[in-house]
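Dropping the structures in below, format is structure tokens.
Below, chain A partners chain B and then partners chain C, in two separate complexes.
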Partner chain A sequence: MKRRQTPRTGWAALAPPLAWLGVFFLLPMIAVFAYSLATREPGGGIEFGLSAENYSRIGDSTLYVWAILRSLRIAVIVTIATLLVAYPVAYYLALVATRWRVTLFVLLIIPWWCSILVKNFAWVAILADTGVLNRLLLQIGVIDQPLKLLYNEFAVVIGLVHVLIPFMVMPIYATLERLDRRLVEAAANLGSSPLRACLEVVLPLSLPGVAAGALLTFILGFGSFITPALLGSERTLMIANLIQGQFMEAFDWPFGAALSMVLLGLVLVLLACFNRLVGLDRLWGPAR
Partner chain B sequence: MRGRAQRRPPGVGGRAALRAVVAAIYVFLFLPIVAVVLLSFSENISVIDFGHFTLRWYEHLVRNAPVLAALRFSIVLGILASAMAVLLGSLAAFGLVRGRMRGKAALQAALYAPIVVPEIIISVALLILFVLLRIPRGTLALVIGHSVLILPYVFSIVSARLYGFDRSLEDAAANLGATPMQTLREITLPLMLPAIVGAALIAFKVSFDEVVGSMFWSTAREQPMPVLVFSMLQFELTPEVNAIGTVMLAVTFSVLGVYQLIEWRRRAELTGRSAEGEKRLG
Partner chain C sequence: MNRQAIIELAGVSKRFGNTLAVDDVSFSVNRGEFCTLLGPSGCGKTTLLRTIAGFEFPDEGDVRIAGQSCLDLPAYRRNLAMVFQGYALFPHRTVLQNVMFGLRMRKLGTPAEIAAWAKDALAMVGLQGFEERHPQQLSGGQQQRVALARALVLKPEVLLLDEPLGALDLKLRKAMRYELKRLQRTTGITTIYVTHDQEEAMSMSDTVIVLNRGRVEQTGPPEEIYRAPRSAFVGDFIGESNLLEAVVAAVEPDGHLRIRLFDGAATAAAQPAEPECPPQPGDAVMVLVRAEAIGLARVPQVDGDWFAATVSERSFLGATTRLYLKVGAIERVVIADLAGAPPVWAENGAQVHFGWTADAALAYSAGSIDSASGRQ
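Now for the complex of A and B:
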């Protein structure tokens, strides 16, 4: 049957949202780039230009280089830890669970939807010197001094993994669910152990989902602001905290803009690689 | 084949181990959240020696004027921002799903871009734009910023439903002489309403919990709840914060509960309708 919609109606509907994003998303990105090439005037104003000074200042300062490297390290650790935790959950949900599948799925979504603030400050009550964990360990006599668990990199990693698990489970679950189960049965029938079937059949086939989950986890971990601010210390500041400091405390916006461009550049490189290797539509489904 | 695989269940021990690991991970996911809710009703600050049940922290809360003002502001902001995002996001979904055009994949990537770019970058970028355009921080800036951040969620929900939309009803209306506008008003929009309401609820929820962007775009007088909570947490962890956190969770889950109710009703109607149809045909 002939549909009445023409390409023109499609574009007419798309025009307002695209214009909105053009003005309030794309244009701001260009503005950050322009700011990163500007310099501060002594009077406090901004002089636009084409100066690379802000970028070379990042390179000259060990504080900022270290913070970028630290952010990368934390993001890598968090991604690996989240993968190790999320894979069994996704595997269980997709291939093993039967009766409990829906319940477990809902139970995964509940913490996902909880406010990140609540999820993070909850760890303060657990990891503090007088927190749940230390008291428990003291009471059963494993330790006689409270462990320093809070306001360090360990706490930041725990907080981030806790927040990011669902972002890793969902894409892996999506690939495992579509997996042809006859392949696993065939491997079993041909005499391979369940573990071997998992490692040699299931794991390779789920790699696109793993890549999608790792990409999301890495980007969210690398650019995280709230978790290092609440669970970390001065010594575990990440790149987003430094950007915030430049904008809200030091008021050196051009320098803060240059730091933002470094973060954005790394994220864009990752997204481009992912698009090449797996395809961006793996993140949100193909456009039909 | 299937029978044989079932007769010889692979690795019972392995399966029990997997179950234990998964259970431990769920405990890890829930433990902190449950702790916050329990602590909000506890006289003591520690979960281990959970003191007497008390509503003291909530009594503090209802007398805390700044917190109440921030809560009210967050709700108003969520409504305004999600209204904006629902309008734009639904238009985008209709245009992309129904239109025939080239480069749909690129357009889709552009519409999802606000959720893959780190929030801190959108936050500072929009702050710079607001300064350049002389838009003051506060309600207007927050509505604009939130609408950008939540648009992808609306687009995702509405376009998913549009892909599954049964277009025979629209064709029937057109064959009976309805104009495209009439078909849209009488057929398409009423059928899409549950998806649009659902998208509005999810959009509200995301706006209600937004922290980073709100920090950059708000003022002390026009401040959403999460920004206030964040600044409280910078100083110290008071028991009152647990109560605020629990209230925030309660708002989130009431919104999601309504969303789920709409979904269930829609599914029940769908199955009911198809059962009725089968009866008539049979």
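Now for the complex of A and C:
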């Protein structure tokens, strides 16, 4: 029998994680928020206060609005592309592979341990004018001028898809793994070809996993800054690149902090919508 | 070849890794027949059903549907409908959509026709008004009916049922047994039913196939399987029986055996179960006596063989009362089912005598001890 815990012992058990979150999450968050309300003095110092000026400055230049819109667009494209690549992988791992499942999983996880820089630079080597792909195409004579494959949105999308695939595969795999195989057999017994069974039964029942994977991929893609910095150009700058610029180059911490808060706000709105439509508990728990 | 046979299995074997799940099984099921595959868990009955459905492919042997080998026919091209253990209803579809699913997949009619047939099928199982619910909103018994409707609406050549009543409580299980049998008789559909519940098998089937360790032990109508079990395993598995170790003392002129049992403490008459090769004096045998075939007396009777015992437990079962009788010093417990109220003198701890007629004791050669598993 489960005994109801008194509130006192409940809070005591929660104290360590709450303290951890407080120190490493809440305090820095408050600090960023405080910075976003501060003003920068001409000498370079910072005066804390309650000024909304940094927020209103965001609207002054179309640069930031465009960067946010561009980030949203890239995140959407990356999410769709990642889904298209990841779904078959997750499907194969969960429903087809039996003997090789562990091996394939290790192969999927290993790149996760290697730095995002390495994964992005690999694409430089592949997509550059003198890179592997262009030289191959030149050699077989498909093209006579190297294609401009690098330092554009295409390269950024490819780089991000590569990095984010595991975040899409895992939640989809998790829902497919829990799928009752008898449902697939029942569909076959009722006359569905394997493809029909997949479309009518497997796909609809895996949608919670797809939603979870899409959310993770979208948020990570939306806030990415390393990949657009390495594989993109100044014309593909994303919002996180501009934030980084404010902190590291312009040394305008209050404005950078305000941009960060806006980015955070957008993500929170997105999470709220997701929670409304699918339920956030689907991200880590099984469907009830 | 039997023209009536719709499903035929010939020498089917199936191996999973090192386990032989199905070992050279052959049987056939006639059109309109209610055939039950009965056996303990792991006997291969579900594997056989899945082989017929096309979810497993035999390593050896052939499966024929209506005379045609179907080994190269994938599951979705076989005109069979299966009711799965746990029902396997589609949770993302309504009850009506579940029942319409097969009709849609097999393109059996126009959308309007399909919806009408599906509603008829739901009415047939008594689920009008549940069309728009989702399976999760139904009770186990209702889900069971949806699964049945989903299968029957296809008017398949054969209905396959995999322990369909296993998840229901006892009362509902008995009601559904009757319901299933009624549906089967009114539709006349050939049915192959898998269960480990002998009562289910006995009460519903035209033919019972008893399986043990991947092999067919006996095939026949329920009465025959009950009255003349061909092996000690079958006799032990079906009904409440006593399985006693004994040694043949003599073979009498009328063919009956004299056997020594209870560690040689007593002798009794028995009938050889395999008259074609009856056991010889000195052979070890297993003697099967039905619990209801055992008679009880306060003092030994003049006719027949009677054994002294102590009543160690009584349990009231309604129509019968079961006595657990401890025999002599060896503490072998024999169960006896007595119709109606047992005599008052047969109380716990009382000294009584019990016996049986020679025809009620079937002697099997002791090789079958092995197959009688650990059941008591």
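Heads up, the rule we're going with is that the second predicted complex is superposed on the first by the 251 of 288 C-alpha atoms of A that agree within 3 Å, B and C clash if a C-alpha of one lies under 4 Å from a C-alpha of the other, contacts with A are read in each partner's own complex, and residues count from 1 in each chain.
Following the convention adopted for this analysis, a residue touches a chain if its C-beta (ideal position, glycine included) is under 8 Å from a C-beta of that chain, and two chains touch if they have at least 3 such contacts.
Since the model is a prediction, treat every value here as computed from it, not as a measurement.
Asker: Figure out whether A:180 sits in contact with chain B (first) or chain C (second), or with both, or with neither.
Answerer: It touches chain C, and chain B stays clear.
Asker: For chain A, which side has the bigger count of touched residues, chain B or chain C?
Answerer: B
Asker: Between chain B (first) and chain C (second), which does A:205 come into contact with in this model arrangement: first, second, both, or neither?
Answerer: In the superposed model, A:205 contacts chain C only, not chain B.
Asker: Regarding the shared-chain residue A:108, is it in contact with chain B (first), chain C (second), both, or neither?
Answerer: Once the two structures are laid over each other on A, A:108 reaches chain B alone.
Asker: Just checking: does A:123 make contact with chain B only, chain C only, both, or neither of them? Give me first, second, both or neither.
Answerer: Only chain B; A:123 stays clear of chain C.
Asker: If you stack the two complexes on chain A, which partner ends up touching A:250: first (chain B), second (chain C), both, or neither?
Answerer: neither
Asker: Looking at the overlay, what does A:196 touch: chain B (first), chain C (second), both, or neither?
Answerer: A:196: touches chain C, not chain B.
Asker: Would you check which partner chain A:223 touches, where first means chain B only, second means chain C only, and both and neither mean what they say?
Answerer: The answer is first: A:223 touches chain B but not chain C.
Asker: Output check: A:188 vs chain B and chain C. Expected answer is one of first, second, both, neither. What do you get?
Answerer: both
Asker: Overlap the chain B and chain C contact sets on chain A and report the shared residues.
Answerer: 182, 185, 188-189, 193-194, 197.
Asker: Going by the contact rule at the top, pick out the chain C residues touching chain A in the complex.
Answerer: These residues of chain C touch chain A: 53-55, 74-76, 80-82, 84-86, 88-92, 101-102, 105-106, 150, 154.
Asker: Inside the complex, what are the residues of chain B that reach chain A?
Answerer: Result: residues 1-2, 4-5, 8, 10-11, 14-15, 18-19, 21-22, 25-26, 28-33, 35-36, 39, 45-48, 87-89, 91-92, 94-101, 104-105, 107-114, 116-122, 124-129, 132, 144-145, 147-148, 151, 155-156, 160, 163, 167, 171, 174, 180, 205, 209, 211-212, 215-216, 226, 229-230, 233-234, 237, 241-242, 245, 248-249, 252-253, 256 of chain B touch chain A.
Asker: Please give the residue numbers of chain A that touch chain B in the complex, ascending.
Answerer: Within the complex, chain A contacts chain B at residues 1, 3-7, 9-18, 20-21, 24-25, 27-29, 31-32, 35, 85, 88-89, 91-92, 96, 104, 107-108, 110-111, 113-119, 121-126, 128, 130-132, 135-136, 139, 162, 165, 182, 185, 188-189, 193-195, 197, 219-220, 222-223, 225-226, 229-230, 240, 243-244, 247-248, 253, 256-257, 260, 263-264, 267, 271, 280-281, 283-288.
Asker: Considering the complex alone, what residue numbers of chain A touch chain C?
Answerer: Residues in contact with chain C: 180, 182-183, 185-194, 196-197, 200-201, 204-205.
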